[in-house]
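Labels run A, B, C and D following the written order; every chain starts at residue 1.
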Amino acid sequence: MQKVYGSAAEALDGLLFDGMFIAAGGFGLCGIPELLIDAIVESGTKDLTIASNNCGVDGFGLGKLLDTKQIKKMLSSYVGENAEFMRQYLSGELELEFNPQGTLAERMRAGGCGIPGFYTATGVGTVIAEGKEVKSFGGKDYILEEGIFADVAIVKAWKADETGNCVFRKTARNFNPPAAMCGKVCVMEVEEIVPTGSLDPDHIHLPGIYVHRIIQGEHEKRIEQRTTRKKEDA
Amino acid sequence: MQKVYGSAAEALDGLLFDGMFIAAGGFGLCGIPELLIDAIVESGTKDLTIASNNCGVDGFGLGKLLDTKQIKKMLSSYVGENAEFMRQYLSGELELEFNPQGTLAERMRAGGCGIPGFYTATGVGTVIAEGKEVKSFGGKDYILEEGIFADVAIVKAWKADETGNCVFRKTARNFNPPAAMCGKVCVMEVEEIVPTGSLDPDHIHLPGIYVHRIIQGEHEKRIEQRTTRKKEDA
Amino acid sequence: MPWDRNQMAARAADELEDGWYVNLGIGIPTLVANYVGDKDITLQSENGMLGMGPFPFEGEEDPDLINAGKQTITELRRTSYFDSATSFGMIRGGKIAAAILGAMEVAENGDLANWMIPGKLVKGMGGAMDLVAGVGRVIVVMDHTNKHGDSKVLKECTLPLTGTGVVDRIITNLGVLDVVEGGLKIVELADGVTEEELRAATQATIV
Amino acid sequence: MPWDRNQMAARAADELEDGWYVNLGIGIPTLVANYVGDKDITLQSENGMLGMGPFPFEGEEDPDLINAGKQTITELRRTSYFDSATSFGMIRGGKIAAAILGAMEVAENGDLANWMIPGKLVKGMGGAMDLVAGVGRVIVVMDHTNKHGDSKVLKECTLPLTGTGVVDRIITNLGVLDVVEGGLKIVELADGVTEEELRAATQATIV
């Protein structure tokens, strides 16, 4: 069971094909798989459908795949940080399926957990409910949402051991575990690969069973909104 | 927000009523809420419906509530360790709704996550599917299972801080997080209450939002099957 | 004189009860955190955190620690982190006592529109639809009228909805209204605002 | 001579491939762990653990560390713990490559019965229904006949089912059979067992 690869390109070797469906972790630019995104840009794989809460920003994160027009369709909850996204979407070059944020996260988890559909009150009576089955439980209406099953998941963790057990740091966890779960193959990039046995088994956020290939690398970890207070305010 | 109570009886004060629905954590005798079970025995509350993977053993764990005939109905996946359970069940004194173990766990999580129903392949074509809606996804049949919403959850963790953030130890985690989630009120017993701030925010298994009342106490932690090997076998 | 942004935020903070877990939206709702005083309120950030702290001191920003508005923040002693599925599980499951949100339009039946202007603003709903469908109490904080002077408190929303019948209470620069049977009920007037002024600025039925 | 329990377990271990995550049922399947040799196999215990280790040394039993059979066990360097919902999420989601399970009856269409004898044995299915519905490959290990000499490899199961059409391969004391179109196919005979003996002990259609 050799899961550790030398580079993002090697880790993605044999997994990419035009028209494929990718689930990506991250929220905004926090906890995004920077290195794997770069490698997909490099690969030139096109007509991608990507499930990701956001689509990066212009020129960074998944925004890079917009610039190269490799994305055919996004499943996202919020794409407001990205002028190129708007341009492609409004011109009809890019398809967009809005998913409420919690619905998107749960759809990923559901896919990973072998649940093809679940009911939620989120979006009832809104445009999100259009074309979806409505069922009443206890006199209240819910809509059917389907599990997401991706060809490949690209995710980012803080540390992983050689068997793929991994831990995330603070709010960089976000969509990474559910995205990892819903990929037929999950490729993970981390800041540090540690020897197996050095992570406490009670502290592992995502067990190695979900992680098929791992790479270690340097991350820019760009900050989207740098908000601070002055020491004297405290 | 005062969540810490002095005793199991105090922590359950005002929550118990005849005919109520309780979700309980634990697997076998591992990670069960021993002290809260004792307090419910003491309370005399009857006609209980309890969702719990098992029903303890004769004279310990939920088995104590069988001895006092306080249980009307169990939702469980396995009750094979308990002669009194069999006696009451076969004589018609006790109702039993078998739930596959994973379905039971997911039903609890679903209830806690506001999901009234989900589809699973587990049990399709078996007695478990009787009376349940069947739906096809991708040409395969799945059955509809409903979320569990309990009046009270009784669970056991290893340590909790004063805001209810808690951590479990090894396989004593089991059903405790999903059971905690599905209770309108969740009462938790722990081996140690630690000051808020002493648990690493990245290591918390169940955030305090799910935990309403906490007690600390001594646990017997009985072992059901003591299996060992000799040093010379190693 | 109508309330300003900070007064609206302060008024919204009065809605919160000791021990509550609360989600604050972007804009004026964010300011509510400044006015909770001694109350024991735990703020959720729906990207995966309970116990959201203030902005970091300059130079202490952590790219792994942001709120749902993508701003750098800090943690508290009570903080816990979790993934997005768990985060929205607690929202959908009714564990969050209240959400305080901004709005473009609110209707007298509690319908809320706060995520889209067709053909113009197509950013997405983020977590707003999950929040209004899941939390215990939805409190809207917004200006009573838009920049053209048109009422944002309507008989029916004209924009795509975020949720139907979800709003419990509306706090505007002119006062506080509750969604009740048959329309809206005036709970309170902003200092110096008359009932006539509020009624004149309101398209919705006031009962 | 038919295989004994350990030979059946050893044969079942041959089914496992390097890198697999595997769930072993109670009884003979538990013995499979003794025969995986150098292969990198990670055992799941469905009560919430990956990387199940051997029994503890005497005096080192930990009540917080048990397997799905409620036996005290140990952890390994690769071990991770998780809750029951997550555990069955990975089972249901097909992340477990194979389950090796005991059975009361198997039918030629892959139906499996291993949890209940009506009016007699009412213990419950535990995680068996989830496992057979979810894992990549279901391998049954059992004696070919019951203690009365009746075949357990049947045209149709008579007992309440655990799953329909779920079994991929059957390993018995007499040999190895695969569930294929139209019935069962003999893959291998136990040492010294003839095809006639196996056919005679099998009620199911052999193709």
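Definition applied: contacts are C-beta pairs under 8 Å (C-beta built on N, C-alpha and C of every residue); 3 or more make two chains touch, one makes a residue touch a chain.
Just so it is clear, the model here is predicted, and its values are computed rather than measured.
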If a chain touches chain C and chain D alike, it appears here: A, B
Computed distance of Cα centres, chain B from chain A, in Å: 32
Rounded Å distance between chain B and chain D, as computed from the means of their C-alpha atoms: 27
Interchain centroid distance [CA atoms averaged], chain A/chain D, Å: 35
Junction residues of chain C - those touching two or more other chains: 75, 81-82, 88-89, 91-92, 133-134
Touching two or more other chains - residues of chain A: 106, 109, 113-115, 120-121, 168-170, 201-202, 205
Arrangement of touching chains [line / ring / star / complete / other]: other
All pairs of touching chains, each written as two labels joined by a dash: A-B, A-C, A-D, B-C, B-D
Touching residues on chain A, where the partner in the complex is chain B: 106, 110, 113-121, 135, 137-138, 140, 142, 146, 167-170, 201-203, 205
Residue ranges of chain D touching chain A (in the complex, touch as defined): 18-19, 21, 40, 42, 44, 50-51, 75, 77-82, 88-96, 133-134
Chain B partner contacts - residues on chain D that touch it in the complex: 45-49, 54-67, 69-73, 75, 81-85, 87-89, 91-92, 111, 122-130, 133-134, 160-165
Residue numbers on chain B that touch chain D, as the complex places them: 27-31, 53, 76-81, 86, 89-90, 96, 98, 100-106, 108-109, 120-128, 158, 168-178, 205, 221-231, 234
Touch list for chain A against partner chain D, complex: 1, 109, 111-115, 161, 163, 165, 181, 196-197, 201-202, 204, 207-210
